[in-house]
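There are structures below to look over.
Shared chain: chain A. Partners: chain B in the first complex, chain C in the second.
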Partner chain A sequence: MEYALEIKALRKEYPGFTLRDVSFVLPRGHIMGLIGPNGAGKTTVIKLILNIVRPSAGEVKIFGLDNLRHEEEVKSRTGFVLDETPFYGYFKVAGAASVIAPFYKAWDGARFEMLCREFELPLTKRVNALSRGMKMKLALAVALSHGAELILLDEPTSGLDPVFRRELLERLSGLIQDGRTSVLFSTHITSDLERVADYITFLREGDLIFSAGRDEILEKWAIVKGGTELLDEKTSKLFRSVSRGPYGFTALTADKEESRRVLAGRGAVIERIHLDDLVFFLGREGQQKEEAARE
Partner chain B sequence: MSKPAIALLKKDLRTTRILWAPMAFSYGVFLLMFMENAWVYLATGACLTFVAAATALGIDDRYQTEPLFAALPGTRGSLVRGRYLTWGVVAAAGLALFLANTVLIHTSFGSRAPRLASLVSLKGGTAFLAGTLLAGLVFLPFHFRFGFWRAMWWFTAAGIGLSVAALNAVAFLVPSGVSAGGQTSALPGSFVSTARGLRALVWLIERYMGRPAVIAAAAVVLAVSVYLSYRMSMRFYRNRDL
Partner chain C sequence: MLKILRLEYLLNRRQILIVLAIFTAYFAYMVSRIDSPRVFVVSTCIMIGLAMPFTILGREDKFKTSAFVCSLPVRRSTVVLGKYAATWAAIGLGLGYTLLLAAVFPFSKIQVAEILTARSLFVALFLISLIFAVILPFTIRFGLVGIIILLVGFQLLGILALILSHVLGGANNPLRVFIRAVAGGLRTLLTHEATPGFLLALLAVGVAVSAASLFVSRALYVRRDF
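And now, the complex of A and B:
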């Protein structure tokens, strides 16, 4: 399989935070969602791919090329939206793009203008006067105007209204139809990913928890609900994280079939998982481990 | 020069374009204020050119665009080269503006500023460029290591320290009669030798700067400074997280 992005044992050490040996691959022509609680390292991964921050160790390959040794080439084939949208506020929309255009050999001014029209982004409006959502649209228009084959988006849907968010997701789905373009997309809004992502990578406190196909996740992982009397040594081994309430428990399992087998006929309910549940339970598991370590 | 470095130069020129007219106007006004002392006049021109060159960096700091440009096609090296290129272009433009202003002021106020004519020469041009470029060559490594504002503080501290040390050393290079005299007796002790150094520097420039050998030596010093400054900037910027 041909990969748009290969990350091997990527490590970044900051005072108080370490991204620990993260490895995953994104096959060409697919969308990958990067999820995890705040401070998980999602933005750090994207910044490492773009060489905005320097890795402490590890390797990033884009289209099979090392991102540091072939920096100019891989960046010219990569579009991005950063979590902040740093454009010069006193420039008009058209001017903001004209500052960036000379960096790209394949910049397509007509496409940029067309995207601005589609996004209802007035070319003559000053960047200062744009809302956060509109600035995000500008960043997206820039990212999509030079024929990028890999698009890295850091929280692109934050600040966007639901209508445009849906349109953006449809556009991303449309982009990968050529089988050439790939998208890595970090977000807190996991419902967005359920619509479009082919792969999900979950980070927590700098650790890679998993990176797998969405269908595989939905097939293997599940939410289990039942009375607290079901929580014994055997069932606890099946659960990654358990939330106890007055009327029973809700737990996350990474082995739906085994849970079904063990809990058969005992009154437990096994439900389809949503990515939101995954973020909640795995985030909670992290907190519980942290608390246990402190104690 | 690589395409990204030229793209960065174009970007710097675009982002500062709005300031060119007010800068040129204030440049003229400031020079007019100091026209009676040719060397203070020259130092003012060099300082204003430094400010003009640093403005592009200040604007980038204001809008926090460093991560954006680091993510665009190019390398950290091409960004460093682009900044040095901008500095060179602004210094050249500053020199042209300086010479044009000097001719204009000398023509209009020749009787009040008789010594300005001497600056429109190889000697004046070399002194101006040496001052402007050396300041940039000291500032840029700080910028690439610390970012704009911290670099400004470091540059100011290092600049004052280095200048005072250099001026104190220069005072010993000239005959004792040259650097003595003036109104230095009113200054506290350590400033007296610095003021002597300033007089000695002016004397050295007036006496030697126009000579081909000195210009060649200045060019060599400048080339070595460019090399060292560039290498330091590259080393700092390559390892910096943005």
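And now, the complex of A and C:
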């Protein structure tokens, strides 16, 4: 299989935070969602891919090329939207594009103008005067105007209204139809990913919890509910992040089939999982581990 | 590199015009008060050597766009090279402009022939290279705060030198000998006969210092996280 992005044992050490040996791959022509609670390391991963921060260890390959050794080539084939959109504020939208255009051989000015019209971005307005959502649209228009084969989006939907968010997701789905373009998409809005992502990578406190196909995740993981009498040694091994309440427990399982087999006929309910549940339960599991470590 | 130069030009063109307007007022006052070409050359170099890097390198800091530039398809070492080239171009412009001002101002006390000489030009470039070579790596690494750290550091060093000189006492304590040697060196620089060998040596030292500064800046910038 041909990969748009290969990350191997990527490590970044900051005071108070370490991204620990993260490895995952994104096959060409697919969308991957990067999810996790705040401070999980999602933005760090995207910055490492773009070489905005330097890795402490590990490697990043884009289209099979090392992102540090072939920096210019891989970046000319990569589009990005960062969480904070740092454009030159006093330029007008058209001016900002003219500053960026010479850096990309495949820059398509007509496409940029068309996207601006589509996104209702006024070309003559100063970037400083744009709202956060409009700046995000500008960053998107730039990212989509030079034929990028890998698009990195860090929280692109934050600040966007629901209508445009939906349009953006449809556009992303459309982009990958050529089988050439791939998208890595970090977000807190997991419902967006359920709509478009083929792969999900979950980070928590700098650790990679999993990276797998969306269907595989939805197939394997589930929410289990039942009476607390079901929580014994055998079932506890199957559950993660167990929450006990006055009427029973709710837990996350990474092995739906085994849970179904073990709990058959014992009054437990096994529900389909949503990515939102996964972020919630795995995030809470992290907090519980942290609290346990402190004690 | 040309892309970075173009970017710097677009970013700084307005700012450079503002700086040149300030220079006009400042140097108009200065040339009407100072009649020593040596004082004029040294103060001009300090002014330009500080103002131009501050102007050029401050823009990225102001707009917080360093991360954005590093995301574009360009090597970090090229970004640094572009910044050096842009700052040198701005320095050349500033220097040419102030020398011209000194020459054409009707109420200037400085004789045109005394400042528009090969020695003035080479000494000016040499002094600016020294200032520039120290300032740029700090700015490349720490942004505008780097210049402030450096200037405050020099101030503190000056205060420390004064205190030490006072504590050590005597006209020939090592610190006073050192300060006299520096002052003597600067005087020699400004009065030395402009032989081709002297000018060439000035040029060679200026180029070597700038190259070393560029080397350090590149090493710092490629390791910088944004």
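As a convention for this text, the second predicted complex is superposed on the first by the 295 of 295 C-alpha atoms of A that agree within 3 Å, B and C clash if a C-alpha of one lies under 4 Å from a C-alpha of the other, contacts with A are read in each partner's own complex, and residues count from 1 in each chain.
Assume contacts are C-beta pairs under 8 Å (C-beta built on N, C-alpha and C of every residue); 3 or more make two chains touch, one makes a residue touch a chain.
On a predicted model such as this, the values are computed, not experimentally measured, just so you know.
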Subject >> First (chain B), second (chain C), both or neither touched by A:Ser76 >> reply: both
Subject >> First (chain B), second (chain C), both or neither touched by A:Ile52 >> reply: both
Original post:
Touch check for A:Ile100: first (chain B), second (chain C), both, or neither?
Top reply: both
Original post:
Where on chain A do chain B and chain C both make contact?
Top reply: 47, 50-54, 71-73, 75-76, 80, 82, 84, 86-89, 91, 95, 98-100, 102-104
Original post:
In the complex of these two chains, what residues of chain B are touching chain A?
Top reply: 2-4, 6-7, 10-11, 14-15, 18, 59, 63-65, 67-68, 70-76, 78, 238-242
Subject >> Interfacial residue positions of chain A with respect to chain C in the complex >> reply: 47, 50-54, 71-73, 75-76, 80, 82, 84, 86-89, 91, 95, 98-100, 102-104
**OP:** Could you please specify the touching residues of chain C with respect to chain A in the complex?
**Re:** 3, 6-7, 10-11, 63-65, 67-68, 70-76, 222-226
Original post:
Where on chain A does chain B make contact in their complex?
Top reply: 47, 50-54, 71-73, 75-76, 80, 82, 84, 86-91, 95, 98-100, 102-105
